[in-house]
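Structures given as structure tokens follow.
What follows is a pair of complexes built around chain A, which joins chain B in one and chain C in the other.
And then the complex of A and B:
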């Protein structure tokens, strides 16, 4: 039945494999374009190990080449990744293109590769062999999607800073996606070589990279089979044109270009948009409170949470924070107030690990200040941001699920093997997320995107996401900003409820009424230094504080609004 | 040796002219316009066609090509970038849509001119040979260098000293704020693309004049060098792109002299790789670079 279409269908498979090597980096938001280089290295190295005769009479000898190719690609990606993964966006893209071109020139000039003429090998890759490889890759991505690792990829793609504050190791996640991309590109290189029977350095050029990127983006990242869709589309379009009798050489690229343009302009998620709506929406599990019971107990009231001495942060000559001593004990609801530019956000950025201090020392839940941010999150620090940093292209529920990162175990490898424990762990994470959504009153909006929520709801979603990590210390950066009276009053109730549950809260807020109603202790900053600290009522009555922040008698009314 | 250096400078001035189109759009609008190489190629073909049909002199030919380029640039922005504005994957999608549009342009060129390379009419431009201080240069090379210099200096003047240039710099700094204070961002965007593509098409026609002919892969052959130039010069930096273009031209000329032409590509990319890893803002860049 498929007679005559063998080559065509195998070409689709090869295109899909190449596109998967882009898919995996795009999932993590990395624009890496060195795949041609990885594929080239893998293809050439594989010629050294692939036997010339079928194994055991009938097995394709390429089976030996695939792991070798994957290994070569992964190793090359790791070595290249060490220096270049500090770059982002266009810079990363161009650095990786440069790597690919260097490999090409090097291979053209090397002796053992037979230079520009290339090498001939046997055509061992058949139609079914190619599709088995595609199926294996598709399986890997199918199981990756709704796993803890898959969510970490998505979080890094959407917002690296927020991801690291949720306990995701951003450096490792980016490297993992980069290495996986190298491995898949390596597999592609080997498959390509043994399908066409010929390897030349010019095959693995910038044009190949563009093809792979276009296929991956066209297919889209929303479903695991996006690359197959993209490859099928790009391969089928010229065939259909030929079948329709459009033979002129320029019509093929014209129609392909126009279709690609139409897809990218009108289907933002690529072809996968057409399928994404059929994805199941995770339902709320029964008895989600049970999941909360299994969590580690919070420290007893009065135990030290953070001890900080002489903390300072300078940006060049500007000293945003200086000589701050701070002690936080379990059960505190510590309010930090001060005029704009007093250094409040800089202070909590240091406490939550997003910025290293320039002077002073201290630790938070046993993590030394200056450590990488995900360590703080894993130790039990969780936070919201002054300007909300939600993961815009994930649903409300998925946003909160990312928050469970520090209190859940990696499930990907176990999901590949369908181990029941992985399913249990995923269900538990889901229960935790639902419980927090209900706690902030957003459980009926679980499947919309954050952009569809009102401003106040977005702030509450940030709190739910922060709570999902079962934090010991919760840091809220101006959570009531932009809220109306009713919403702010509800928020104050919520914060008091959290404190009753034993969560230590650090609250930055301009709404003084709310601060006085919720906090047990108050610290006032001005020009980066502490000007008063103690009981809220006492501090609020301090003349120095009134002058610096609350305003004189006349202005006071407006501050209380 | 001196001869090689001179050749390097000539090649480098075309690189610079091509790359400035890239870097102008990126510096002001943060778009990496991958249709630029196709527009560059189109400039070469249009230049050849106009020269063949009308036999107008060179000093009219280039303004005609530039006008064509400006129109093409406005179209590129309208088709490939404007519809994406405000989307959360704007930058990413812009890369793909401009690749697609570039493919369409190349296909249209093939429809009109076929697959064979096109040549300037013989005798269109007197191929006079001069000898200056022992270096042989052709009239074409002198015109190339002169035109490139004039255009680059003109652009630099425009950006730094005119009100349009001030508006462009305002948009580069913060498009929303620029809009608020009354800058017509739509016009600045269109103007930036028009200038970028006008420079690109003139560079294409110049390269074709130097080579005597142009094929459909003219732009693709220079695209990667263009990346190298804009990064070496510091993304968004005009002076940097000019200097880096010449540096790359020289580096290639020297590589060919001392090694082998097959190693030519390695120098550019090794240099590029090293600069990105050691000094991502480029050799001359001092602008704070926003991420894509």
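And then the complex of A and C:
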């Protein structure tokens, strides 16, 4: 039935494999274009190890080449990744292109590769073999999607800062996606060599990279079979045109180009957009408070959470924060107020690990200041941002699920094997996420994108996401900004409720009425230094505070409500 | 329930793995179709069924400069053949877009879906090395018209070529140039990234040694290079009698132009790639004095050459080049092979292609041997006043 279409079908498979090597980095938001180099290295190295005769009579010798190719690609990606993964966006793209060119020039000039003329090998790859490899890759990505690792990839793609604040190790996640990309590109190189029976250094040129990237973007990252869609589309379009009787050489690329343009313009998530809406929505679990019971107990009231001495942050000559001593004890609801530019956000960025201090020392939940942010999150620090940093292309529920990162275990490998424990862990994470959505009152909006929420709802979603990590210390950066009276009052109730549940809260807020109504202690900053601290009502009455911050004699009238 | 479906899927996958990881040894089994063999012989041969011929040329992308001429030359031949005899040919033309992937797919389509009797092409040797193994294992006689690299006919007994190897063309032009120019010291420049030019380089070295000519500069470049000043400066400094060049047309134009701009006055001796009116047009004055070894010349008084040039120019409104002439000849060679036993089955064409002896074509007397190699007299030309002249 498929006679005469073998090559066509195999070309789709090979295109899909190449596209998966781009898919995996795009999933994590990295623009890496070194795949041609990884594929080339792997293809050439595999020719050294693949036997010339079938193994045990009839098994394709490429079976040996695939793991070798994957290993070579992964190892090369690791070595290249160490220096270049410091770069982002277009700089990373250029650095990785440079690597691909280096490999090409090296292969052209090396003796054992037969230089620019390339090598000839046996055609051991058949079309069913190629499709089994595609199926295996599709399976890996299918299982990756709704796993803890998959969510970490998505979080890093959407917002690296927010991802690290949710306990995702950004450096490690980027490296993992880079190495996976190298391994898949390596597999592609080996498959290519043993399907066409010939490789030259020029085979793995920049054009190949562009093909792979276009296929991956066209297919889209929203579903796990996006690369297969992309490869199928790009191969089928010229064939369909031929079948329709369109002949002239230049028409094909033109029509293909126009269709490509149409897809990119009207389906921003690629062809996968068409399929993403059919994805089943996870149902709301019933009676799930059992999941919350299994969480580690919060520290008893009065235990020290953070102790900071002489903390300072200087940007060149500008000293944003100076000599701050701060102690936080369990059960506190600590308000930090001060005029704009007083250093409030810089202070909590240091406490949550997003910025290292330039002077002073201290620790938060046992993590020394200056450590990488995900360590703070894993220790039990969770935060929201002054300007919402939500994961825009994830649903509300998925946003909160990312928050469960520090309190859940990695499920990917166990999901690959369908172990029941992975299922239990994912159910638990879902239950935690739903519980927080209910807590902030967003459970009926779980399946929309954050962009569809009102401003106040977005702030509440950020709080739900922060709560999903079961924090010991919750840092809220101006949570009531942009909220109306009613919403702000509800928020104050929520914060009091959290404190009753034993969560320690650090609150930055301009809404003095809300601060006075919720906080047990108050710290006032001005020009980067503490000017008053203590019982909220006393501090608010301090003439120095009124002068510096409130500017009038009557605090009640200066509310930003 | 979920457990059942997943274990079922796992079973199915395992079964697939077990079968697909095996290498199947499919041997070509050509069934001969009696409708494809006719009555009569030679000129009288009549075959009822339409004979399907496949052609794969690079009609777009990098090698389109050659593919377009090949398409036109071959289509002209098929048109003439259909008008003259009792055999009807259907030409199925595929574009390989100058890529290995598309070339393989095109061959597969012609072999398995269109079930052609014979294939002509592809344009480049690089693709021929990959695709010819497929037509060999499928048992489809394949005739190359521009696949000049060393080792192509050795791929198998179904593989033939009607394209004068670059080494033969260059080997003829070097002694001719030596006689005319009295050259003693030469520079050799070659494209190391192409099968065709790299294999020619080996021959050049041998012929130069035989002729007692000293190589004072020996430089390489790659097919896609566009700047040759490093290599050319060395040649300029060495003050040679001639430059021997083995390059594809793509690199030839900038290379020769840059050489002349740099002040290299020495004559340039080249092979097949120079043999195109387009190239001469693109080079303009820089083309003057180029010495070209090739398979065909517009100036040669071979059988039917003048008629071919006239018919081609009328039909396509431009002069033919060597690619067109060779593709045109290939059509007639296939026709010869079909007529000798009045049989258009793959086996018969294969057997008879290898028997063609001194066939009188526009390329002169041309022979194909059973090993698939072509034998013909190369022509050496020099470009004078913008026109090819026999040397």
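Observations
Heads up, the rule we're going with is that the second predicted complex is superposed on the first by the 556 of 561 C-alpha atoms of A that agree within 3 Å, B and C clash if a C-alpha of one lies under 4 Å from a C-alpha of the other, contacts with A are read in each partner's own complex, and residues count from 1 in each chain.
We take it that a residue touches a chain if its C-beta (ideal position, glycine included) is under 8 Å from a C-beta of that chain, and two chains touch if they have at least 3 such contacts.
These numbers come from a predicted model, not from an experiment.
Of the two partner chains, chain C is the only one that A:63 touches; chain B does not reach it. In the overlay built on the shared chain, the residue A:217 is in contact with chain B alone; chain C does not reach it. Look at A:253: by the touch rule set out above, it reaches both chain B and chain C.
In the superposition on chain A, contact of A:128 is made with chain C only, not with chain B. Applying the stated contact rule after C-alpha superposition, one finds that A:108 touches each of chain B and chain C.
Within the superposed three-chain model, A:197 lies in touch with chain C and out of touch with chain B [touch as defined at top]. Judged by the touch definition given at the top, the superposed model places A:31 against chain B, while chain C stays out of reach. Contacts of A:484 after superposition: neither chain B nor chain C is touched. By the touch criterion defined above, A:268 lies against chain B but remains apart from chain C after alignment on the C-alpha atoms of chain A. Contacts of chain A with chain B, set against its contacts with chain C after fitting on chain A, overlap at residues 108, 116, 249-250, 252-253. Contact residues of chain C toward chain A in the complex are 6, 13, 16-17, 19-24, 59-60, 64, 95, 100-101, 104-105, 108-109, 111-113, 126, 129-130, 133, 192-195, 198, 222-224.
Interface of chain B with chain A (complex): residues 26, 32, 79-80, 83-84, 87-89, 91-93, 95-97, 99-104, 106-108, 110-111, 115, 220, 223-224, 227-228, 231, 235, 260, 262-266, 269-270, 272-273, 276-277, 280, 289, 291-292. For chain A in complex with chain C, the touching residues are 3-8, 11, 54, 58-61, 63, 108, 115-117, 120, 123-124, 126, 128-129, 131-132, 135, 196-198, 200, 202-203, 249-250, 252-253, 418.
Residues 31, 83-84, 86-91, 94-95, 97-99, 101-102, 104-106, 108-109, 116, 206-207, 210, 213-214, 217-218, 248-254, 256-258, 260-261, 264-265, 268, 392-393 of chain A are the ones that touch chain B when the two sit in their complex.
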